[in-house]
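Next, two complexes with chain A in common: one pairs it with chain B, the other with chain C.
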Partner chain A sequence: MAKQLGFFVDINKCTGCKACQVACKDKNDLPTGIRWRRVFQYEGGQWVNQGSSVIPSDVYAYPVSAACMHCQNAVCTQVCPSGAMYKREDGIVQVDANKCIGCRYCSWACPYGAPQFNESLGVMTKCNMCVDLVDKGQRPACVEACPYRALDFGAVDELQAAHGNFNAPAPLPDPNITNPSVVYNPNKVTKFTGDTSGHIMNLEEL
Partner chain B sequence: MTEPNFLAKALTETAITRRSFLKWSAALGGTAALAGGMNYGLKAVKEAAAQSVEELKTVGCYHNCGGRCILGAVVKDGTVVRLVPDPTPKSEENLDSNPRAIPCLRGRSQIHRVYAPERLKYPMKRVGKRGEGKFERISWDEALNTIADQMKRIKDKYGNEAFYYQYASGSNWNGPDSGNAVTRLLAMFGGFVNMYGSYSEAAYGQIIGFSTSGYSGNSADDIPNAKLVVLIGDNSVVTRAGGDNAGYWVMKAANQGTKFIIIDPIMTDTVMATQAQWVPINGGTDVALLAAMAHVMIKENLYDKEFMATHAVGFDEDTLPEGAPANSSWVSYVMGRGPDGIEKTPEWASPITGIPAETIASLARQIATTKPCAIYQNWGVQRRAYGEQIVRTVPIIAAMTGNFGISGGNSGNVMNGGYFPMSGIPVPENPVKASIPCFLWPDFVSRGEQMTSALEEGGVRGVDKLSTGMKFMWNHAGNMIINQHADVNLTTKILQDESKLEFIVTSEVAMTPSCKFSDILLPETTGFEADEIITGEGHGMKGNHAWALYNHQIIQPLYECKGIMWAAGQLADRLGFGDQFRDGHQTSDDWMKDMVATAQQAIPDFPSLDDFKKTGIYKISNPEPIIAFADFRADPVAHPLQTETGKLEIYSPALAKLNNPKEIPAIPMYIPEWEGVSDPLREKYPLMMMTTHFVARSHSTFENVDYLREAHPQALWINVRDAEQRGIKNGDMIKVYNDRGEVHLPAYVTNRIRPGVTNMPQGAWYSLDANGVDVRGCGNVLTNYRPTPYARGCTAHTNLVQVEKL
Partner chain C sequence: MNTREWALIIFTTLAQLAVGMLFVLLIVRSYASRVLGADKAAAWTNTPLYSVPVIMIAALIASLFHLGKVMNVIGAVPNLATSWMSREVVCSVTFTVLTVLFAFFEWRKIGSAALRIGLAWLAVVVGAVLLVSMSATYMLPAQPAWNTPATPINFFVASLLLGILGSAAGLVATAKSQAEEAGVQDALKVVLKSCALAAVLLLGIELLILPMYIAYLSTQGLAAIRSIYLMATEYGALLFLRLLLVFIGAGVLAFYLYQKASVAGGEKSFGTLAYTAFALVFISELLGRVLFYATHYRIGV
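Let's look at the complex of A and B:
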């Protein structure tokens, strides 16, 4: 049995530029409005008076690059009535466009917003980890694109062995829902899932 | 399950249609709006063409961020399918000397720039008022004949000093299709008025010679050798993100645990990503901060006395040059013994800078005692009212703290760069000697005859005064004639008076706002449509390495687009010097063979043109970082700086002679800005506004690209407190205005900018609604056409505005 594949995101190296998102859209020819990879800007803190100065108090910000998590408990596959959403032996979750009826149940079920409806095609679409490249031994477009080498992919157990098993940075949802195949390396200001001290700043990603 | 099968079938049919359409367009130079359906076609093309062979060809990203990144284009059946980053095999990548030139998000969006709906499709002539955007299609013949006739007419009537080649940077390659084709044409035609300085770094470039002389500091690959890095007005991870690799080295240092202190009104992505100590300063007050830090260092004896005594001029009274008045040294200025009598204590600087006095003192101690400490300025800090002053101050702090000329330290100058020794298209000596500060071209239009060599009258060089106003402008691959120049509404008035500037030619790839002010438009090919060579020259590449890149033509020219070298040659024919212009070069290859020969002179094993086409990439790297001024540090007598005195000039005798102590003092000083933190105009317009570089654009290039507009929408950054006072929430539409104009755009309400400061990232394309209000976020509607005192340079970050919820 092939090992479950997943992504690794090093928040210490990410600058929030979205080269990953643009490379994904270029590779997969995605129309405006569909973003298989998104980069959330999470920000918190406040400005306070100190004497005659106004200074930042615990002001923090960090980016979270997120695509389909190719979850071990892929709820999208469970709710799909046509059997279009399926998990490969290596754990990559993808849509069979021939079977998809565009009902969108998967997008309602997925806490990460990964499956997205393509109006012009009439089917659900989502990150498939560039399965065509992966099958040729290459790396997904987003991983290859990062100017700061913040992204990687591979067998999740190997990523965990190398980088730990943290998979719950705010503003992402509780990983217990779907058991995502992802590892994040948090930076020193990264908050945990459920955090309410900050909010997502870049509204275009919502 | 008939429905999904039907959809799948529709998908395949779309694919074939799409593919046929692309081929048809390429073959016929199709005139349809090719980009209209672009989003859906490319993947389908790939599937439909599954049997055919994919080819990988090198192309470049060639604009003015400085990166010149390397892309591989996956080409199938004459169609570009997708792009991949620098295909140099990772096995050959030596990260320590030459990291791969992985393009940033902009480079990755090139397909959508090439196929954008805004592409110019055929030559056009203006039929409405300048700026209205009304044009009529004409033939290449008519366009070229019109330009040639106008050139002859204007030369006969006004002479060659009426000609100007506009500052522009949209297409930064060696060519053959570079702006040099136009300047070669104009020089052979009798010449054109030159320019000096730049919009990016006028104050820095013009004044640094009066401090350190040498332009650059340590190369970026030396940054990981520092214990502490201090960046002043530098956002390298954004502005030098891709192959340029300054951002790469900054992040490498941060990831190994090096501490960063970043002085910037904005918590930039560099502050965020390096997890720096952010010093959120009021814009334009950096000299006050550094003077106060110097005060702490002097008072607490935390500076390198010996170096300042042996290597610097005018640090204290003992090292003032002959003839300098008493109490005119830096120490006198800082300690309150100078003409203003003010001691530059942290308490003095605090209300100016907005930084608490104790923070200033602690910064001073940290920077003075952590060794080595790399202090870099970048150009963002000097595009301000008195930009020259901070440029000359940073090297003083670098020297005082013992970091000038050492590894892991820096001179305070901008990062050093690589250089690839290959020439572009040769331009003969320009017979016209007059040169203007590039920022002052509207003066050349409106009052050229009055521009003289006196700084306040225009700072003309090469001649005492200009003989005529500008009558002919060629704008190649540039958006400076409206969008990227200060005070759009003023420029509009100047350009709409057709008795002044009589004729404007723009050669471009897309219908930019500047095109709308032009009289003739020539549609240019992009990098996908022509063979070109791209090198990273000058200070563009800041990682101590460089490369030459063969940019392959991967698609047929779209529509009626042509390369500028062809167009310039056609004009030369019409003007009677075609043979001289071509000088035996009939094809692009002929020109490129010459370029390759210049590289071979410097690098004997540089390949032949044919081999270079096959490999596509040739990289060179210097394994050791460049340590600027190390020889001077070791022996200032044997290796003097190229300044007047041979030393680090804190006091410049040459600047003293200008006798303008209030605006161009002999030692750098804090000069309160007009439209700055202490300008009484803040009662009317309380918010300072900067117009910084933006992650989704290289200046205004890429602004129209859908992928990038989606990834990073234009917005005004405004602090949470300022927004709350105005009832503004994140994403609300707002009105930003001052006496110069008004802009409507969304608000980005954030903690990541200091209260009282706003930022409208530069480069959005000036677009008016029915009421004449810019609705795309062009910051230059609000900026001030008022130059810096010495360089006569751009001051785009010094503005006051008011903001209201719409």
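Let's look at the complex of A and C:
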């Protein structure tokens, strides 16, 4: 059986430039409003008065690039009534547009907001890890496009062996719900899932 | 709220009405058969019973408007092993088929009376499983506002309340045409008093569940608190209207219905009270379902 594939995101290297997001939209020809890969800008901290100065106190900001996590406990495939949402042998979660009834139930169940409804097609769509490229031995468009080499993909156990098994940066949800196939390399200010000290500052872009 | 969710608001409310009405009408049928005889009981209760498959077919048609690709709907059932929505679809269709068969057999007098009533009770059992499936469909870990015991409790209470008041309205309507039949008016009074009492009891449960639900949500994290905030602000007026209508319908009017059914000469008010109570509660449950879909927040991103 093929190994479960997943993404690696190095928050230390990522600058939040969104080249991955744009490359994904371009490669998959995604319409307005649909973003299979999104870059969340998570920020927190405050400025405090000190004498005549105003100085930053614990101010932090970091980007979190996230797409479908191709979860090992993929709730989208479990709830899908038609079986349109399915997992391949290599763990990539895909939608079969010929089976999808467009009920959007998967989008209610996925805590990562990965399945997104395409109004013009009437079906759900989501990141398929550029399966056409992967099957040809190439890398997903987002990974190829990253100018800082902050993104990678491969077998999850190999990614974990190389980078650790951290998969819970805020603002992402508790990974225990779906066991996402992803590894993040946190930087020194990265907060854990469930953190309430910060906010997603670029909601209008997501 | 996504506009397509209007289809689900109508589907769930009508399906709950249909299941509740069938359950209540079969109890009334059983009682009426004992006090009036089988033929009079059938003549009195059949028209409201025939409305059950009609309501359910309307519910199913409404549900199709939720889908992005209706042409694929026939494939909506293969994931029965893990998908509560698949189970909900199967139960909805099975319930509809059973109620259509019951109505047809009853109309054409096919099979024995016991067989026909047995078929209807089988539909009630499937209807109860439908309500369980419908509730479980929404009890997703990513949806704290839905993933609470309040979802199945509210769905069952709504089904019973709508079923009781819908049946009462239907039975008052058909009793008018049976006015000359001895005993029908007396049986109607007994049924209306029981319906009114049950409606007040169910109203009490609905009013009790709401504060408990909000208290529970307040402990379930940020997404759940956002749901409470929406209920209190943007949808506060809707929540107030929903509570006001159900209080008037299942409380005040049900109380008057009980009073009128307890005194001689109260029959003239039955229609006005029963129809208005049902209409108000039906609108209230629709508004409650709007709140259900409008105030849920998914956890995560």
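The rule is short, and it goes like this: the second predicted complex is superposed on the first by the 204 of 206 C-alpha atoms of A that agree within 3 Å, B and C clash if a C-alpha of one lies under 4 Å from a C-alpha of the other, contacts with A are read in each partner's own complex, and residues count from 1 in each chain.
Note that a contact is a pair of C-beta atoms (placed from the backbone, for glycine too) under 8 Å apart; a residue touches a chain by one contact, two chains touch by 3 or more.
Just so we're clear, the structure is a prediction, and the values are computed from it rather than from any experiment.
Novice: One more residue to check, A:61. First (chain B), second (chain C), both or neither?
Specialist: A:61: touches chain B, not chain C.
Novice: Name the chain, either chain B or chain C, that contacts more residues of chain A.
Specialist: B
Novice: In the superposed arrangement, which partner chain does A:122 touch: chain B (first), chain C (second), both, or neither?
Specialist: After superposition on chain A, A:122 lies in contact with both partners, chain B and chain C.
Novice: Touching A:75, do we find chain B (first), chain C (second), both, or neither?
Specialist: Touch partner of A:75: chain C, not chain B.
Novice: Would you sort A:172 into first (chain B), second (chain C), both or neither based on which partner it touches?
Specialist: second
Novice: Per the contact definition in the header, classify A:22: touching chain B only (first), chain C only (second), both, or neither.
Specialist: Only chain B; A:22 stays clear of chain C.
Novice: Check whether A:105 is in contact with chain B, with chain C, with both or with neither, and answer first, second, both or neither.
Specialist: second
Novice: Looking at A:196 after the superposition, I want to know if it touches chain B, chain C, both of them or none. Which is it: first, second, both, neither?
Specialist: The answer is second: A:196 touches chain C but not chain B.
Novice: So, does A:40 touch the first partner chain B, the second partner chain C, both, or neither?
Specialist: Second partner only.
Novice: Once the shared chain is lined up, is A:184 touching chain B (first), chain C (second), both, or neither of them?
Specialist: Touch partners of A:184: none, neither chain B nor chain C.
Novice: Return the residues of chain A at which the contacts from chain B and from chain C coincide.
Specialist: 82, 84, 98-102, 121-123
Novice: Touching chain B in the complex: which residues of chain A?
Specialist: Result: residues 12-19, 21-23, 25-33, 35, 43-47, 50-56, 59, 61-63, 82, 84, 97-102, 120-123, 141, 144-148, 187-189, 201, 203-204 of chain A touch chain B.
Novice: Could you list, by residue number, the parts of chain C that touch chain A in their complex?
Specialist: 2, 4, 66-70, 72-73, 75-79, 82-86, 89, 137, 140-143, 221-222, 298-301
Novice: Considering the complex alone, what residue numbers of chain A touch chain C?
Specialist: Within the complex, chain A contacts chain C at residues 38, 40, 66, 75, 77-84, 98-105, 108-113, 117, 119, 121-124, 171-174, 177, 194, 196, 200, 206.
Novice: Within the complex, which stretch of chain B touches chain A?
Specialist: By the definition above, chain B touches chain A via 1, 3-5, 7-8, 10-11, 39-44, 82-85, 102-105, 108-109, 111-112, 237-238, 241-242, 247-248, 251, 254-255, 267, 269-270, 272-273, 275, 278, 280, 350-351, 354-356, 359, 695, 706-708, 710-713, 719-721, 730-731, 748, 750-752, 754-755.
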